[in-house]
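What follows are several structures.
In what follows, subunit A forms one complex with subunit B and a second complex with subunit C.
Moving on to the complex of A and B:
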């Protein structure tokens, strides 16, 4: 076996992994919500994140709006766009028993968005470079990037707000109820279209928040979103489908796994092992790693 | 018949090409308990699911206080004052008892009065108050059925539909269930009750309909049907 590296290196690895993984997590929270009410894997989520990143970039270079300040624009715009995407694209298909139609629409939307972005902004790698892009900060005694830490905070805040909404408001409770049993929810007078539209609105506004985090941290191109969707899917499986905090935790765990694999094995193995873990979890613990079966009285 | 709360006429329902109900007509008058009884597979659950909009009829009409609800979605029918406790209870098992009750009052008609309605439900079901913060899935079978009924009453329905409330419960809890149904009736709630526990159902019912393989076989007051030798032979295991 290998020798364990010094603790500061381990800490550095864990911190970087967790900060990066939080972005998978926030994408996974959106997937989890949409899957919850619609039983649809919204494969276009990653493309929506990259679209938001381009939007943030345009606001920065076009209007001089600070990327983190643009959260105040991107998140509400995401709510509206999500609502419109549901009403325009998915409403009719959602009424069908067959989920494949919805899945195909999601795939179609993904390709459309990718190619529209290519037409508008070109296929090259883009990024947002601000005065603080290269700034480092000290966290837990380890130096790390300021923008990554901000991305982590955005992920935590986004997930926290979604949790509050789901737990404290009656409409949020209706979304949870519909995720658990749509038929029973309709018997309470809950409209499926309404909860689906809400799930989409929140899912896309989270994609907006993730877009800010991506734009400030990584270089990106119109086709980078698909990998994001896949990673979010892995995070979702790790955290347990339909479990919002689990989705964030799953993302962070995936980030940690990737960081360790990269360091201890090699960068080339990162994705292979991430998807391998995905399959193993689905085979042996399909309810997710963090779900605990509650006791019967 | 203007004052009929629920009026079903010539209802036909099919699953694909397979018929499940053929020309069933029945009615429920305000303030009564009506039992719908029959063997397994007679179409009782199908009929209830069609009333609450989970299934679409092939032909026939369903009217609530004179308004047709054919073609309406379940959430619209719920808002018309029909509360359906489905077979298997339809609880949100991952959510708490309190959250389940709150969702019972989700519709605009009831939501502003959630607090008062909760108080009322807790008076009738004190056990649920003790368990308010527990997950619904952690309750015992009897408590879960109580919760399902309490949740349905949270919308102050004009018609409460109960599908097999005694299913899977111990004899003692079944007794509690039927006395609860009578208490609700005493409070003026109109109830359409589907039961396999035919003797008990006929005892509490003002009027009853007997379904047999998708058609109406018999109807009458509860007392008449209990005394009927055919019913005794077919459903209550009375030997001649």
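Moving on to the complex of A and C:
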């Protein structure tokens, strides 16, 4: 057996894992909303996050807008883009019974976005380096990077806003009703196209917020998005599909698992173990780790 | 399939089989193009069996393709099958039916192992997600497989120089035809009816005494077998089998796309889809090399927006409308 490392290293690991995992979480919240209403695995989510990251980078180097300030631009743009993506690409497919069609449109969109980014910005790794990129801060007695902590805050705030929207507004309630039972919701006068479009708009604007976090923290390239989509799916399954706070918690848990596996076993096994946990959860606790099992009527 | 269509199919296959005898054909560009169309058509049939006829959307075909490719490369480079015979006949592993069969079997056994728990517990999208996760796990296992799998670099098959594509072409054509005929026979059997019954209404099928799990796992394993053989075939073409090449997600996404464009749950749809989509991709690669993946993405989106039921169903819909 291995020796347990000193507590400050454990704390450090946990903190970094949780902070990194929050980014998977915010991507998973977006996936969760889209999956909830449309039953669509939106594989292009990761590509949209990277697209947002490139957009943030262009704003920073082109116009000198601070990456965190650019949230004010990226999030509204994301809302509009998400709405347009739904109306232009998925509206017809959503009515189709064969859900392969929407899945494939998502795959096509992923190809398209990835390769457009390559054409525009080249295939090399890019990053955003600001005056505070290398700055560290003290948190709970451990040092961590400022940008990672900001990413965590963005994830928390994003999820919190979505929660408020779903719980407190009438439109949010309609989205929740549609995720639970689209047929019943339609009978109550909820337009499926409107809730789907809203889910997409919020999902893509969350991708925008995640893009800000990614751009400031990691180097990225046009093809980094797909791994993000997969990780977000894992986070989604851990948290319970259709459970918004669960998705964020699932992301944080995934970040922790990755950090521990990297430290105690080896970096090469992180993905296998993350997906192994994913399969086990899907099989034995498909409602997610954080929700009480409920009986279907 | 109507009688006329059957004759057309026989004639087309015969013409394709004789093509390598046309002077200059082997060196022409379209020769390797056709080889890839056949390879993708086999993969598309594999996906169509489990998803089109069986209704279980699998996102793990690339794992089975890679398993078949690796099995072939490992058996060959380690000479695990033929011992001293191999020294006397250095070309022995080339398109060796036993090696290729092993490629398919390893994939099929893996499919049974993963299919039993997944298919008994997971339905619909959850099954799709599970197979996607399975594919990633297999890839990591091969990256970390040490000397046995060659790690991140993979394995180079001990092949002599490549002189002609002819045998590849014939084997691929033969396998494509064999796959289509086998699936045709299968779907006309009792088992095929059971599979369609499970797809259309699992509850009703089970109420009529069909062991739904067995039927679904068999379709999953059959699909994996076909993908494994296709992977084996690809090893003879590429020689270097690495985790990033044979476990590439494209080996799942492209056949899926071809099947849906051609028509899921039809016999000729996957072949037609493979031909048309691969032609579009390849044309884009030649005409606009810098933008070709962009064009591919656009094509998928457009095909899905305007042809969601696939090309094979186009005729059916029009006939119904006019009737």
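Everything that follows uses one rule, which is that the second predicted complex is superposed on the first by the 293 of 297 C-alpha atoms of A that agree within 3 Å, B and C clash if a C-alpha of one lies under 4 Å from a C-alpha of the other, contacts with A are read in each partner's own complex, and residues count from 1 in each chain.
Please note the rule applied: contacts are C-beta pairs under 8 Å (C-beta built on N, C-alpha and C of every residue); 3 or more make two chains touch, one makes a residue touch a chain.
The structure presented is a predicted model; accordingly, all values stated were derived computationally and were not measured.
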### Task
Have a look at subunit B and subunit C on subunit A after the superposition and call it: clash or fit.
fit
### Message
With both complexes superposed on chain A, which partner does A:276 reach: first (subunit B), second (subunit C), both or neither?
### Response
second
### Query
For A:8, is the partner it touches subunit B (first), subunit C (second), both, or none of the two (neither)?
neither
### Task
Have a look at where A:189 lands relative to subunit B and subunit C in the superposition and call it first, second, both or neither.
first
### Task
In the overlay, work out which of subunit B or subunit C sits against more residues of subunit A.
C
### Message
Tell me the contact category for A:234 with respect to subunit B and subunit C: first, second, both or neither.
### Response
second
### Query
Touch check for A:107: first (subunit B), second (subunit C), both, or neither?
second
### Task
Would you give the minimum C-alpha distance from subunit B to subunit C, in Å, for the three-chain superposition?
12
### Message
Considering only the defined contacts, which subunit A positions touch subunit B in the complex?
### Response
170, 173-174, 176-177, 180-181, 183-192, 294-297
## Note on the structure
Listed in rising order, subunit A residues that touch subunit C in their complex are 35, 39, 41, 89, 92-93, 96, 98-105, 107-116, 118-119, 226, 230, 233-234, 237, 268-269, 271-272, 275-276, 278-279, 282-284, 286
### Message
Quick check on the complex: what are the subunit B residues that touch subunit A?
### Response
52-54, 73-75, 78-79, 83-84, 86, 90-95, 99, 102-104, 106-107, 111, 114, 134-135, 137-140, 143, 151, 155
### Task
Spell out the residues on subunit C that touch subunit A in their complex, using ranges where they run on.
51, 57, 117-118, 121-122, 125-126, 128-130, 132-134, 136-137, 139-141, 143-144, 249, 253, 256-257, 260, 264, 290-291, 293-294, 296-301, 304-305, 308-309
